[in-house]
Structures are given as structure tokens and as C-alpha cells.
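Take a look at the following structure, please.
Letters A, B, C and D mark the chains in the order given here, with residues in each chain numbered from 1 onward.
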């Protein structure tokens, strides 16, 4: 689960990391009020940032500076009117614009290949780290945290010296790097990223002296969905604006559902088989309308819910049901399909393929109820594409 | 021979008295797997599967009483890491963790302890393994198998069944079918299983079923290029049509930063001389074309 | 550092372990007040326990029951008048007398040989575990906690089944056993012991129903002195009543000092050499008056302080100074001795042996100042014993 | 040969710019120890000991630049566990931790990591080791040694010097003298050092200096009885007069529950055929009586 920058910053702050203050505003007027407070505190400028769970918001005009309350209001209004990569902006973060002396990248990720938490740092912060990784991989320094002891001080120091961040900032860097891993562990994150980690100049208020400080200027955290049950408080950070209402319904039912642009609705048990079904629909000349995994051992009510999710999409012209029964009993699915069709409002052609556990009983039920069936997945895909084409023509 | 499970398997089922544990233990017993014990704390002294399997309070007791050498875990996610660690502590050599929904950071620590102990963990969130005609451990339906000489390894659950069924339908039996699980942190990788197949004298051809996300297929392909020359191989990768940046059902299927796509994986496999099927049904043909006569 | 039962219970409670409520009283009147409150809460009896840092307080009459406020006051007065193994009782703990159904032993210790935290449990609780270990070692079940992950659930379950504490108490036992190790780690203890861990019967207040509960009835914790600097809050738990005032002064100076019963004061650098010096004094027919280790690199002020500590004991009739200079410079020690003798009030014969770093300069200074010196430790011990005998005669 | 330190030693000093680090590095250099590098974070690029030792920010850099294979740690207690772990991480094989006052539970984790990595830690709170005429690492005064064939191992600091001096005064030189440290949790035990001495062709007699507390002397005695038959050995145990239940200076010297007393240890050593001296000065005589002609 991805969470918003502002929420990620809250988690870092709770772990004791240095994050400059911020406000979150849902309206231009709230943004103006926040900016007024910040400017009254002696800051020259504020930054207004779109809170959306997609990358590239800077390029999309979602991050802008303002030097007055009027300007902050106008900028916030403009950003709140944006839709970035299909996601409407509903909130902005308002913060003092930092006086940045130097930017770095620091990130902790769960690395599958090494089965370690890997901490990466680069002196080339503030830009897309994937781009740095592609162009100048040697500019990224990595260490693998100890599986039991986490990131050790010496590892953090090694990163610091690697990116030229020794001297007066060494101690703070070590504490921030360890804090990233501690944050990861505390909340079961699979990614905690600070980009930029920045040396910022701060005046002492009188303007007489300027000090430099290492702070987390941006924050990105992705949480491990499997661990959410033991962090119930984090469920509140789920961003409802960033997902389809259908996704929320699916999640409540324990169904994995992703809405796509095609016309052939898919209902499958198992993620790998669901992707394979989509691939074969495409191969047969069709376009899948969704990814849908009803999971293992699904009963008829779940089948009915899955059917509602699929039919809620008006673009769906045919439905392909592909069930390989293991834990899942084919006859249960067949009954669910029969019940669902009895109450459904739209009549959409359906091709059903059920093999494995109790497949014979399923076949009998489906034939009796006059469902179109298929023996193989290839055949099912072809029939579904043909049915959709027939409806579409 | 066969790998991971076989004639020498003596299985203890952890979480045997739960709904899943009971159901699948029955399936395993009926398949002929030597299920020698079950474990559920506080239910020691009872029996399961109509009195056929004795239940113990701890794995150590089960091992002492029955000589169990392999474990299959059905306990809920919150207790699964501890169940794996208990199996390791009791000296079990091969541990299948069927449980899904185990937090990845827990598994990070667990796989380290497993490694230190020199044990082998398959999973979590895996369907298990079957050596047809000998033993099946986990939840793969026994009916789809046929005895033979193709080794099958897969990250998926039902997609594994699909591939195995395709082999069986085409008359190609299997030495062992292994589902390694699709979670980010798993105990046994494609590469590990390929190494086992390479050393197994009953495995004469290999099928690899991958999916988008991570780089495990690429690593396996690189190793196969150097070490499995002459062994007929076929692969299938699910997720060619999956849009970037979306999770397809489980954490195993994320595309991050342009790597881990189906195209990348297919390219890596083809570069290693392994043909990739467009549909699971094509896998038997590829093996036969590669010279397999099984 | 040993801490009192009441403080040990506070630490267990802070880690979430089930510990029945208690009060601490320094006077019989306070004990009466505490007993009055406890009896008013519906308890039949209270237990009054001496708070001293030595074992065997039960046998010494330091643990007694009382059924009324009057009786509690009398019992507390009697206990507060006791001196147990040389330690006067200054505080008592007052608590409801538990209705004990069954007693167990549970302890976590730092085991040097295996370099692990070992958790031990026995169904034979409430008695001296050393006695159980001697007579029926098989009655003690042990597991070694994982060095990084601590005590695992399965290990705790194994102990529980080992001592026959499965069934309804399994979950609580697991949580208590893990809590013991967590307490150890949280406070850097090298021993955390609960004896007895008891199943107690508790009425629901109306007297209609009785429930059974697993609780920590006694608690013993020893802290790692090396780790105290990172737990400054624990320094407050040091029991000033249990130590010599001289010990406190020595600790403040960084000197390891233990007061003994003999007549020959010893000043040595290094614990092993200090014990050896004592052993050789004894072998030469004398009795050491103290163990004193001035540590490595001691300067003259520390030497002077050590001399004051030794001379504060009126039984001291001779002093043996034995310094093997490594980090410690012999000339520094010699200067300290000369300065100390110049201001000391009692004139006690002194034998000084200094070898190692700057020993020649030390020898020159000591000879000049007319100190009696010795070349070897054996010789020094013999001379000191002779000098003490001469004074004593 | 010699053990732990010798001609092949290339030493890096961690905490070289501190007061203790600087002082003892000078002593080691003057003794002839090949001190190739020092490490103090943020002081990389400087030099120590009159420009004779280059200083680096990290141990990894020091190893890369100088080929250091042995480390000696003088950093304060709060940083000592991390210093050991850094040395392990940089591939150092032999690590001496001189620092005292390191919490025992920290060492529990550190010794586990050292073990996993296959490295060797001596200490903490130890005086180091000297192979006379070759190299000295730590804080043992160089002047007390003499080249020869007696291996000395001890839990104490200055008591070690006393014993070594006694040997030297009696004309018995040493192959290597090792102080293993008196803390409850240490990296290398008496037993470990005895095994090294047993395999060292230059060590022909062994002196063991123990003290009350723990059971390390008993374990060493039991092993020696089986494996060091014919090797002349002598021992000394400090603390015969120590009262029970009192800590004598450091955590190493606790008597708990009747075991770990001087009497127990002396009995165990004598039972293993090792004579125990009443004073360190008697050690040479015991060795000679046992047939040592060194």
C-alpha cells in the first residue's frame, strides 16, 4: 500500500527523523491560511505540493513555490484542479520552502534477490533515482542491513563517506539512515525513501547567523499489505481518492481486482493464472477489462460479488470464467455463477471453464443451466473474444 | 530419486487440526504420502484423519516419536514464522510453508535462521511439491499428475496446476512439481530448484513457470545457460499484458523501474536457449521439439 | 547490581508482565496503612516481606503473613527490627496474600559457557532452584534463546509442556517467558528470575466464582554494571542500605573495593592480580582487609583516595601495595603514595612493590621517601604479614 | 609459528587517534609490530605516530589500501561492538577488543556475528596478545617477554604480566601470550586458545592463568586431559580467598551457587593432570618438573 508524502513524513517524524514542519490543505483557502502562518514565521517562500500516489508530479505542475499568501492560494487552486496520471489532486502539502545547500538520495528497500533490506545512498539527490541507476550506477552506494541487527553504524558511516557526507553531518546521517530502516521495521514497509535528503540553510531568526542542517525534504513509503493486519492504525492512511470505488469493494470481499481498459471481463482463481488468462485473451485478439483473482477456496457469495464487480464496468461485453479447482471447489463456483446470473441486470455472454476439484459436478450444473463452457483455457479465451466481438459488432 | 519429497519423506503437518490442515492432510494421506505426525499445541495425544495420524504438542516430540524429516505448515499467518522456526529447531530438514499473508520482514529473519541451520524452506505462500506416485506435500491436487521425468517449478499456484495438467494431458509425466511461492521473500528460489533438478537422475527435462516482478527468472536463466546445456527446457511467463506499476494480486507481481517485465524475462530465457511458450498448452510441444522423448 | 524485589517487580510490570499489586513501607505505621487498604479490598490476609538483597530471608523470619491491620503492624515492626546476614532491614513489601494453587520456577540468565540467554523452568517452584538443580536436575527444563531473535514462541511452549503447564495457561506462560527475556534485554539484566511463578485463585469479588491466573509472585533481577551508563534511570534503584559507605565512595572514584575482615590492606592494579595478592597474603599467614583494584592508568589522586579507603578501616595494621605497571605508570603511583602518606592521620607500616612501566623511577622515589619496598609479590606479602604481626604484638 | 599474532600480522588500529589508541599504537610500533593502518571516522587522510601510520575513515578502506588482516580496538565502550562488527564486515580475520565496560548483551550478539562470519574475536576487556620477538597487539608491556616456547593464556590483565614476568625471570621464553579477557561474554575462551596452542609447532608447554567465576577453566581442563597428554602444563587460579557472593572487581569473578570456586577449578585442573601453582612464581618450576626443558 502506498501512502501520501504527508503521511510518510508523519511516520518518519514519529521515528525521530528530522522532517521540517508542513501542513495539509484540501482547499485553496486552507492552503492560504497555512501559507500565511508559515510566512509570518519568517519564511520567505512556501512550497505547495500535490498529494497524489503517482510519480512525476513535479513535471505535471504539481509542485510550485509561492512568495505570498495570495500567490499560495492561487497556486494551490491550480494544483487542486489538476489530474495527474488519471488521479485528481484532492490535497496539497504546504511547507516552508527550504534553502537547499546540497541534495542527496537515501532509500531503504526490501531486496528480493539478496533477501535483505538494502540501503542505498547517492550524492545525486533530488532527481529520479532510477535515472541515476541507469546512467551512473557507480553513483549509488549500497549496503545490505544485517537480517537480525538492522543497519549497523559502520554501514551507515560507509554510505556517508561513500557519498561525501562525512564531517559535521556524519552523526546525523548515521542516525537518519538507521532511522529509515527502523521506520521500515516499525511499520513493515517494503520501501522508505527520502529524496532529497538535503543540507538546508537555516537562519537563527535574527538573520545574523545561518546554520546548516540535514533534513528529510520529501518522503515516500510503501507498506507491506501482508503486515497491515498487525498495524491497524495504518489502515487509516489508505488514500481513498487514489483508488477506484470498485477496488475498495473488492478488497472488502478479499478479491484482488484491478480495473483495465478492455471489454472482456475475467474471473479467475489465482494471480498467476489470472494474468495468464489475460495474456491469452490478448493473444486471441481481445482486451481484458480487468484482473480479478477470487483467491483460494472461494464460495458462491464471493463468486457473486466478483460478478457484480465485473458487470459494474459498462465496457464489458463478454465474461471469461477460468477456475482450476484445488482448494476451490468447481461446483461451488458453478452454483455461484448460476445464482449471480439469475439476479444480474445486464445480460452479457459468458464462457466458463472449470477444471480440477469437483469439475464434473460443475460441468453438469453449468450444462443444465445452459452456460457456454470450454475445456481448455485457449478455447475459453477464443470463445470469449468471439462473443465480445459479436456483441460489439 | 525425485527432489524435495519422495519415498524417504516422513511428513509432520503443523497446524493439522485446523480446517485447511485437516482437509489437505487427508488428501496427502489418500495420495499415499507418509504423514507420520501432526502438531497442534495443546492437542497433543489426539489423532487426526480418522485416527490415522497422531497429534503432538511440539514438533520436537513429533520428531522424537516418529522420525519425521519433512514438515508442511498450515498454521495462520500470525503463527507461521514461529512454526517454521520450530521445525528448524526440531531438526526438520525440509519445510514447506503453505500459509499465505506472512509479512515479508518476518520472512527475512526466518530465511536467515533456516540458512544458518542448513535446512531448506519452500514458500511461504506456496502450493507445495509432488513427486508423482510417491508423495505429495501441500495443496496441489494429486489428480493432475502423472509419473515421469519432467521437473516442473513455478512461482504460481493454480497456474502451476494448469501447466502440470498440460504436461499430463500430453502424456508427459513429472519427476517432481514444485511451487516455490510468489511472495517477495521466499526460502527456495527458481535457481535453487534448478540446481536440485540438475542433480536428480530422474529429471530429464525442465519446465519453468514464472511471472512478472523481481529478477528470479533472469537469475535462473543465467545459471541454466551455463549448467543445463543439453537438458530440454521450456518456460512460460505470466503477465505480458499486465500494466506497469499495478500489483496483480500478490506481491510477487510488481513491475518496478522497467525491470522485471514479461518482455525482459522472456528475453533472458530465450537468450539462455530456453523457449518460452505463448500458452501453457504449448509447453509439451516445446519440450518434444527440444528433443525430450519422455 | 542487585535490585530489591519491589523494584524488580516494577520493571516486570513495565514490560507488561502480570504482577499482583504491592506497597512498600519503611515504618510499621506505613505497613499498617497499606494492610488496611489491602484488607478493605476484600483480601483475607496480607504478606509482609523484608526488602534485603540477600537470600534466605524467609528462613530468617523476614516473610510473614498477617490477618489484620494490628497484626500487620506488629509483624512489620518485627521484620524492620531484623538484621539478615548482616544487612539491617529498612523496608518491607506489603501485598495481598495469594491463594496459591501451584508454584513454578521461571528464570532467564546470561549463560557464559553457551554465550546465550538461557531460560529455565521447573514445576518445582517456590523453593531454592539451586537445590532442585542439585537433587533433581531433570526437573529443570532449559532452552537457549536465539542470540538475535530472543526467546521464540515455540521455545516458550516447549518449556510450558515440559513443566506440565499447557492447557489454559499456555498462552500466558509463553507471554511471561518472553517477557522475562524482554525485561532482560530492555534493562541489560544478567538475571531475571520469578520464583514462584504461581497459579493463584482469585475470587470475582462477590465470592460466587473463583478464577485461576498465572502471576509473578516474587521477582529477582541483577543488572549488568557495564550497561548501567545507558540506563541512567536504573541508578536510582541502587540500594544504599545494602552497601558500605566506603563502597559508594570507591565507586565514585572508579575503584573496585570490597571490605573484608583481615588486617592487611591491599592496593593493587587489576582484579586478578588483586585477588592473587590477597591469596598470597593468606598464604604468608595473614588475612586481607580488603579487595582493592585501582584499575588501569590510575593517577596520584586515585592512589590517595585508595589509601583513605584502606585506612578508614581501623582493623588495618599494614598495607601492601602491589602495582604491575602496564597502562599504569609506576612513578605516578609512587608519587601518590608519598603524597598520601604526608597527609594521613594514622601511621601504618606499608610495603610497596612496583614493577613494569616506569618502575625504576618509582623505586628511586620510594627509596628517597624511605618506603619499604619489595621486588617480588611473594616477598611483599611476607613483609606485609610480618609488619602487621609486629604491630599487632 | 606462534598463534593469533606473528610475522604475518598486518595490524589496523581502530580508535587510533584516541588517547589510549595513540599511546599503545606507539608501543606496538616500537615493539616492531607491523601496524599498517589506523581508523577513526572523519579523520581519514591524517597520520598517527609521527606520520608512520596512515589513518582511514573506515576499516574497509584501510583493508583495501594496506591489506590489514588483524585489528586492535581501543574505541570507547559505547562504540566497541560496532567497531568489532565493522572489522568483521571488512573481512578482518583476527580482532582484539581491548575496550572494557562493554555490555554483555551487546557481546552476545557480536560474538554470534563473529562466529557466523568465521572470524575470531579476542576480548573484549582483554590485554591482547604478544608473540615475543615478532609482534605484540594490545597493551601488554613488551619488556616482560622473552622469545621461547611456552604458550601463556590468561583471563586477567596485570596478573598475566605477573605470570609472564615470572617465566621470563626464570629463563623460560614464550611462543605467544594471550589475555582472553575477564568479561562474562568473550569471543575466545581458554579452550579455543588451548586448541590453537596444541596445533602450534613452536609451543611446547602451556601456562593457564584462571580466576574464580564461570566454568571456562573446568572446560579447558577436561579438554586438555584428552588432548594435551604429554604437553607440560602449569596453572594458577586467582581468588582462593575471595568470599562467596562478592564481585571481585569485574564481572568475571562471581561465585554463584557453589560452582566456579577456586577449589573447584583447582580440583578440575589437578584431575586433568595439570599442577596448579600456589603463587605465579612457582609456574616455571612446575613446567620444569613436568619435563619442559625450554
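Just so we're on the same page, a contact is a pair of C-beta atoms (placed from the backbone, for glycine too) under 8 Å apart; a residue touches a chain by one contact, two chains touch by 3 or more.
Owing to the predicted nature of the structure, the values given are computational and were not obtained by experimental measurement.
The most distant chain from chain D is A, comparing centres defined as mean Cα coordinates. Looking at which of C-D and B-C shares more C-beta pairs in contact, the answer is the pair C-D.
With each centre defined as the average position of its C-alpha atoms, the distance from chain C to chain D rounds to 28 Å. Distance between chain centres (mean CA atoms), chain A to chain D: 55 Å.
Across the assembly, chain A contributes residues 148-149 that each touch 2 or more other chains. Chain contacts: chain D has residues 109 touching two or more partner chains. Chain-to-chain contact here is organised irregularly, matching neither a line nor a ring nor a star, and falling short of all pairs touching. Applying the touch criterion to all chain pairs gives A-B, A-C, A-D, B-C, C-D. Residues 148-149 of chain C are the ones that touch chain A when the two sit in their complex. On the side of chain C, the complex with chain D involves touching residues 110, 112-113, 115-117, 130, 133, 147-148, 184-185, 188, 190, 224-227, 229-230, 256, 258, 260, 268-276, 278-283, 288, 291, 293, 296, 324-327, 355-357, 376-378. Of all the residues in chain B, the ones that touch chain A in their complex are 20, 77-78, 100-106, 108-109, 111-112, 127, 139-141, 143-144, 154-162, 165, 182-185, 209, 211-212, 214-216, 219, 236, 238-243, 246-253, 257-258, 278-281. Contacts from chain A toward chain D in the complex involve residues 146, 148-149, 152-155, 157-158, 161, 166-167, 170. Across the complex, chain B meets chain C through its residues 41-42, 44, 57-61, 79, 82-83, 85-86, 89, 109, 113.
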